[in-house]
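To keep things simple, chains are lettered A, B, C and D as they appear, and every chain counts its residues starting from 1.
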Amino acid sequence: MELKRLIVWIALAIYILWVLFPIYWAINSSLKYVWEVNAIPPLWWPPKPTLKNYIWALFSERAGKSLLNSLIVSTGSTAIAVFLGALAGYYFSRYRMHEGIFWWLLTTRMFPPIIFAIPIFLMFKYMGILDTHLALIIAYVAVNIPLAVWLMRGYFDEVPVEVEEAARLDGLTPFKVIWKITMPIIAPGVAATIALTWIFAWNEFLLAYVLTRNVAFTYPVVLPTEVVSSQVFYNRMTALSIVALLPSIIILLVFRKHIVRMYVLR
Amino acid sequence: MKKISKSSLFFLPAFLWVFLFILFPMIWSLYISFFKYNPAIYGPKMTFNWGLNYYYILTDKRFWESMLHQLYYTGVGVAVEVTLGVLVALAIYNYIRSEWLKMVCLIIVTLPIMAAPIIVGTIWRLLFNPGSGVLSALSVMLGFGAIDWFDRAHAMNSLIIADIWEWTGIIALIIYAARIAIPARIYELAKTDGIPDRIVFRRITLPLLAEPIGMATLIRMMDSYKFFDLLFIMTRGGPGTATELPTFYTFILAFEQSDFGKAAALSWILGLIAMFIMQYIWGYFRKLRRFEVRL
Amino acid sequence: MVEVYLEHITKIFGSVVAVDDLTLRFKEGHLTSLLGPSGCGKTTTLRIIAGLETPTKGRVYFNEQDVTDVPTEKRNVALVFQMPTVYPTMNVYDNLALPLRIRGLSKQDIDKRIKEVSELMGIRHVLDRMPSSLDAGTTQKVALAHAFIKEPGVYLLDEPLTNVDPVTRIELRTLLKQIQKKYKATIIYVTHDQTESMTLADYIAVMRLGKLLQFDTPEKIYMTPKNTFVGWFIGNPGMNFLDVTFDQRRGALIGEGFEYGLSEEFKRILAEKNATEVKLGIRPEHILVKKEAKQGIKAKCTLVEPFSGDRKILHLEVGGIELKAKVSILLDVKEGETVSLEFPPEHVHIYDKTGELII
Amino acid sequence: MKVKVEGLTKFFGKRKALDNVSFEAADRAFTIILGPPGAGKTTTLKILAGLIKQDSGKIFFDGEEVTDIPPERRNVRMVFQSFALYPHMTVYENIAFPLKVAGMAEEEIRHRVKEVAEFLKIEGLLNRLPHNLSGGEMQRVAIARALARESELYLLDEPLVNLDYKLREDMRAELKRMQRELNKTIIYATPDPLEPLAIGDYLIVLNGGKVMQTGRTIDVYQNPENLFVGKYFSVPPMNLIEGTLRRKGERVIFESGEFTLDLTEIKDRMTYIPADVVIGIRPHEIKFSMEKIEGGIRVKTILSEVIGSDTIVHLKLGENLVKVFVPRIYRLFGGEEAWIKIDPKSVYVFDKRNEKSILRRLSRNG
C-alpha cells in the first residue's frame, strides 16, 4: 500500500518537473548572452547572468512598443467586450428568451479563427484600417463577446431574481437595481470576466499577425520575427516571453476558480 | 411586441457587433470563395469561376495530406493528453492529503494553459533546437546520438510533445472538478461493503467520470482543430509540408500566395467540418457549466 | 448480531469538539436512536462506529471486542444515508449482488437471496432499473435492501427517512421495525426528528454539543427529562420552565407573582441539596387551566393558537414569563383574559440553575 | 389598508398560474393565503407588490386602482421566501437600505434601524454579513428590512418554510404578536395548514391558480366547501373514504366495501343525497381504544407515530388506510387489534362528481 503511494508520488513529481522545466529553461535562457544560448552542450545555469535581454524586452523600439500595443489593444477590447457581454449576459440570464442566439454566439468561438481572419483582413483592408489599434480592438471585441456573455450570464444566474425584486420594493428603478445591487454582488465575477477576456486578447496571435504590420503590432507578432533574422536571439525571445507570461501567472493565481469555465470557450 | 424590443436593447449591441465582424465577414468569404480572386497576381479584379475553387481544393493532394496530418496530430495528441490528464487528476485527488499541496499541484498543472501558445512555441523551439537544444543534448547524453527534432521523421511528434505539455493541464482540471463532484458517501458505502479499490475504480469511479472524460476529449479535439500558433512558430509546416495542417495551409494560400478565392473556399470546407463536429459537442457543451474547480 | 459499546469517545476536528467523552451501550437486537439538533455530534458518532472516522480518544467495542483500529470493510456494518445512496453506475440487481459477490457467493445463491430480499422490500419490479430512474423513496428502499442483504452486525442509519415521501416513509418505518423484531437486528438510528425517535426507538440517546444528555426509553425521556434542554427539545410544544426560588421557611417555590407549595418529600430533597435558585418545569398538556381566577397561580392569556382539532395552545403570562398550555378546545378562554393555573405535583419537575434535574 | 383583487389571471408561457382570482383582505387584519406548492401564492403576492404584471384583472388599495404603479412607488413591503437579503451588505446596511433610498437622514436611519433591530431582537447581528447568519436570524433580518420603512401593507411569502420545526413553533406566535403591535394589513402565504389556525384572521385557499374558498379562518375550517379544502386544511390531513349513500327508509347509510356508517343523524343537513360520495373525517374526531368500544368497529393497526404526548395511529378500515389522532402515547408496530368509533356529526360529505360539500353550513362554537 505504502509502496504504491510512493510510486504515485514519484510519478507525480516527474510530471510536475516536466511542467516546470521548460519554464525554468526559459528563465535560464533569458539571463544569458546569445552565444551562451547557442552553446553546445547547453549551459544549465547562466555563467554571467545578465538583465540585458529584459531591458531589450521592456524598452526597445520593437519589443517595448509591442508590449505597449498589446496592453492598449487588450485593455481597450476587454472594456468594450465585457460591457456589451454584461448587458447581453444579463438579458439571457433574466429574460430567458432567444436562447438560440445565445448558443449561436457561443458557436462562433469554436470555429478555427482562420475562417474569419481572412474576410476580416479583406474587409479592414477595404476600410483602410489595417495596422491600427482600432482594427485589432474591433476584431478582439467580436471574438471575445461570446466569452464575456457566457461568463457574465453564469454569474448573473447566481443572483436570485428575488434579490432584485426586493430592491425594486425598496424603491429602486430597474436600471438602478442592476447598477446598485446586482453589479456589486457579482463584482468578483465581473473581475474574473475582465481578467479572462483580457488574457485572451493578450495571448492572441493569428489576428494580430494578419491585421498588423509596422505600427500596431503586438508582442506575439514580435516573437517569431526575432527568429527569422540571421541570428536567432533566443535570449531576447525568452525574456520577452517571461515578461508577457507574468500577467497570465498573476491572473491564474487570483482567478484560479474560474479557469474551467473559461476554457470551454477557448 | 413593444416590450420585447425594449429588453432586446440589452443584447442587440453584442449581437450586432458579432454579426458585423464575424458572421457578415464569413458570409462574404462564402461569396469570395466562388471567385477567382488573387490581388497580388491579377489585381483587385474578381472573376466568378463556378465553384472551381472547391474543385481545386478537393483534388489537391496537399490538402488531403494536411487532413491526414490533422488526424494523426489530433489522434495521438488528444489520446495522450486525456490519459495523462486523467491519471494526474486522480493522482492529485487520491494521493495527496494536504489541501494546500493539492492546490499548489493544481496551479502548477494549470500553468501551461495560461501561457500564450506563441510563447509555448518559442520555448519548445528552443528546447528542441538542433545542437544547442536541451533535448538534443539529452539524446546525445543518453547515447541515442544527435537527433534532429525538426526533421521529417520527428517534426510532427515534436509538435505533439509541445501540445501535450500545454494542454494536459486542462484535462486534469476538468477531471479533478468532476471527481470532486462525486459524493464521498458512495465511496463510504463501498468501504462498508468491503469492495476492493480495483473494483471500485472500474465499476464506480471510471463510469462516473466517463461523461466528463468524453466532454474533455471532444473539447480538446475541437481545439486541436484550431491549432495554429505553435505550428507557426515551431515548424511553419516544414520541413517541406511534413507538418502542415489544414488551417495552416489556408493561411499560406491567403497570406503567402494571396489566393484569397481558394483560401476562402478551403476555410468554408473547414467551417463545415467544424459545424459537423460541433453537433456532437452540443449536448456535452451545456453540461460543463455544472463543474467548477474548487481550488 | 452485535452489541456496540462506546467507551469515553472523544472526537475533535481542528478546534471543534464534535463528540465529547461519550460512553454508550447499544443493546443487541434493539433500535437505539441518537437524537439531537444539527451539529450535536450524532452523525460523527455514527461514523465512528462505522469506522469512517477514528476517535481522537476512547475505544469502540463490538461484542466486547475492541474494533477501534479495525477498518470499516472488516467491521461488517451497513450504512444508510440521508441522501438515498446506492452505486449510481449499476442497476438495482447489481447493487444488491455486489456485496455478495465480494464474499464469493455462488450465482444461484445470490439470485435466490436477491429474490427473497427484493420481495420483502417491495422492489422486485425495479431490479433491472438504473438508480437514476428511481425516485428518492424507492432508492432508499434499495439502499435498505442493500444493507439488509449483507446481514450486517449492526445497521447504522443516518436520518434515512428525511428525504423520503410520506407514503414510503410509513412503509419503511414498518419494514425497519420488522427487520429489527424478526431478525433481532441491532439498529442505530440517527435523527433530529423527535417523532421518528419516539415512534421507532426502544432507547433514545439525546445529544447536544457532542455530549450525551440522557439515555433512556422514549416514555422515560418524555415523562422525566433529565435536563431542561431535553424537556424543551422533546414535546410539541416543549416543556415550560419558570425561574423560581425555593423558600425553605415557607416550604414553597416563589416566582414573580406566584407561590407554589411543595409536598414534604420535595421540600426535604430541596433542603438536602441546599438549592435556592431553581427552575420549575411542566409540560403544556399537564397544566390545568381554570376560568375562575380565585385560587392557584394567576396568569394572563396573551394568545390563543388553535392547535389542531380538539386542542388549542394558550400562551400565558405569569410574572413576565411565558408559558404554553395545551387545553381542550372547549375551554373558552379569550385573549387578554385572566385565568388560574394549577400544576399537578406528579407532573412537576424541578431543575437546578444549570438545568439539571433535581426532582 | 383594504386590499381588493378582482379577476386576476396570469399566464407563464402556456401555464395558467392564476385563474380569475378574486378576494378581499380586510384592513389591519391578518389574511392568509393557503395552498400547496404551485398553487399561485407567490405569484399573487408578487402581483400585489407590482413585481409581476397580471394578464388581466384589477387590484385596488383602499379603493384606488394600482395596476399601473411600478413596484418602487407602491410602497408595499415584502418578505420573500428565500429572504432575498443583499449578500454583499451587512445586516445594518440591509435594513438601512430602503430608508437610504427613501432619502432619510443618516441620523434618523440609525435611530430607526436600532428601533427595528430591538423589536426583532437582532441588535447583536448588525455588523454581520448574511451568509454568516442562521436561517432563523436571516428571517428576522428579512422581516426587519421589510418593517424598517413604514407601509400600510406587508406581504409575507412562506417566511417560516425554511426554518426548522422547533423554531417555527416560536416564530408563529411571534409573528402574530408582531401583527398586533404593528396593526397593519398583512397578507401571508403558506403551504402549512397549521399556520392559518395558529395566526390567521381570514383565509384564502388557493389551488392550481383558483380560489377554492375564502372566509374567516375558523369558519373555513368548520365548513369546507369542497373536497380540496377539507383534505388540505386539516392537521393531520383528513381521512377520505369513497363509497355510496343508500337510503333505507328514513335512514341514510354510507357504504364502502364492508365498512358502513349510519349518517341518519346529519340527514337534515344534506342539501341533496347523491349516490357516489366521499366522506371526510378528521383524525382527531375518531375515537380510538385498544379495548372493545360498545358500538365500535374492530380494526387492525398498521403503525403509530408518536408526536410529543400524542399519537397518530395508522390503521386499516376495510380497504382504506385511516389515521386516528390519539391524545396519549401508543407505540404500535402493526397487526394489533383495536376499536374505533366515528361520530356521524363529525363527518363531512362530498359529492364525488363535483367534489363539493353537500352539507349545509354549520356554525359550531370552537
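As a convention for this text, a contact is a pair of C-beta atoms (placed from the backbone, for glycine too) under 8 Å apart; a residue touches a chain by one contact, two chains touch by 3 or more.
This structure is a prediction, so every number in the text was calculated from the model and none was measured.
Trainee: Go through the assembly and pull out the chains touching subunit B as well as subunit C.
Mentor: none
Trainee: Could you see whether C-D or A-D has the larger number of C-beta contact pairs?
Mentor: C-D
Trainee: Can you compute the centre-to-centre distance for subunit C and subunit D, using the mean CA position of each chain? Integer Å is fine.
Mentor: 28
Trainee: How many angstrom lie between the CA centroids of subunit A and subunit D, rounded to a whole number?
Mentor: Each chain reduced to its C-alpha mean, subunit A and subunit D end up 55 Å apart.
Trainee: If you average the CA atoms of subunit A and of subunit B, how far apart do the two points sit, in angstrom?
Mentor: 16
Trainee: Find every residue in subunit A that makes contact with two or more other chains and list them.
Mentor: Residue numbers touching two or more other chains: none in subunit A.
Trainee: Residues touching two or more other chains, restricted to subunit C: which are they?
Mentor: none
Trainee: What parts of subunit B, by residue number, touch at least two of the other chains?
Mentor: Nothing qualifies.
Trainee: Looking only at which chains touch which, which shape fits best: line, ring, star, complete or other?
Mentor: ring
Trainee: Return all touching chain pairs.
Mentor: The list of touching pairs comes to A-B, A-D, B-C, C-D.
Trainee: Please name which positions on subunit A make contact with subunit D in the complex.
Mentor: Within the complex, subunit A contacts subunit D at residues 160, 162-163, 165-173, 181, 184-185, 187.
Trainee: For the complex, which residues does subunit C have touching subunit B?
Mentor: 50-52, 71-75, 77-79, 81, 83, 85-90, 98-99, 102, 146, 150, 152
Trainee: List the residues on subunit B that touch subunit A in their complex, please.
Mentor: Result: residues 4, 7-8, 10-11, 13-15, 17-18, 20-23, 25-26, 28-29, 32, 84, 87-88, 91-92, 94-96, 105-120, 122-127, 129, 131-134, 137, 140-141, 165, 169-170, 173-174, 177, 219, 222-223, 225-226, 228-229, 232-233, 247, 250-251, 254-255, 260, 263-264, 267-268, 270-271, 274, 278, 281-282, 285, 288-289, 291-295 of subunit B touch subunit A.
Trainee: Contact residues on subunit D for subunit C in the complex?
Mentor: Contact set of subunit D toward subunit C: 164-166, 169, 172-173, 176-177, 194, 197-199, 218, 221, 235-236, 282-285, 302-310, 314, 325, 327, 329, 331, 333-334, 366.
Trainee: Which stretch or stretches of subunit A touch subunit B in the complex?
Mentor: 5, 8-9, 11-12, 15-16, 18-20, 22-23, 25-26, 29, 37-42, 84-85, 87-88, 90-92, 95, 97-98, 101, 103, 105-108, 110-123, 138-139, 141-143, 145-146, 149, 154, 199, 202-206, 209-210, 220, 223-224, 227, 234, 237-238, 241, 244-245, 248-249, 251-253, 256-261, 263-264, 266
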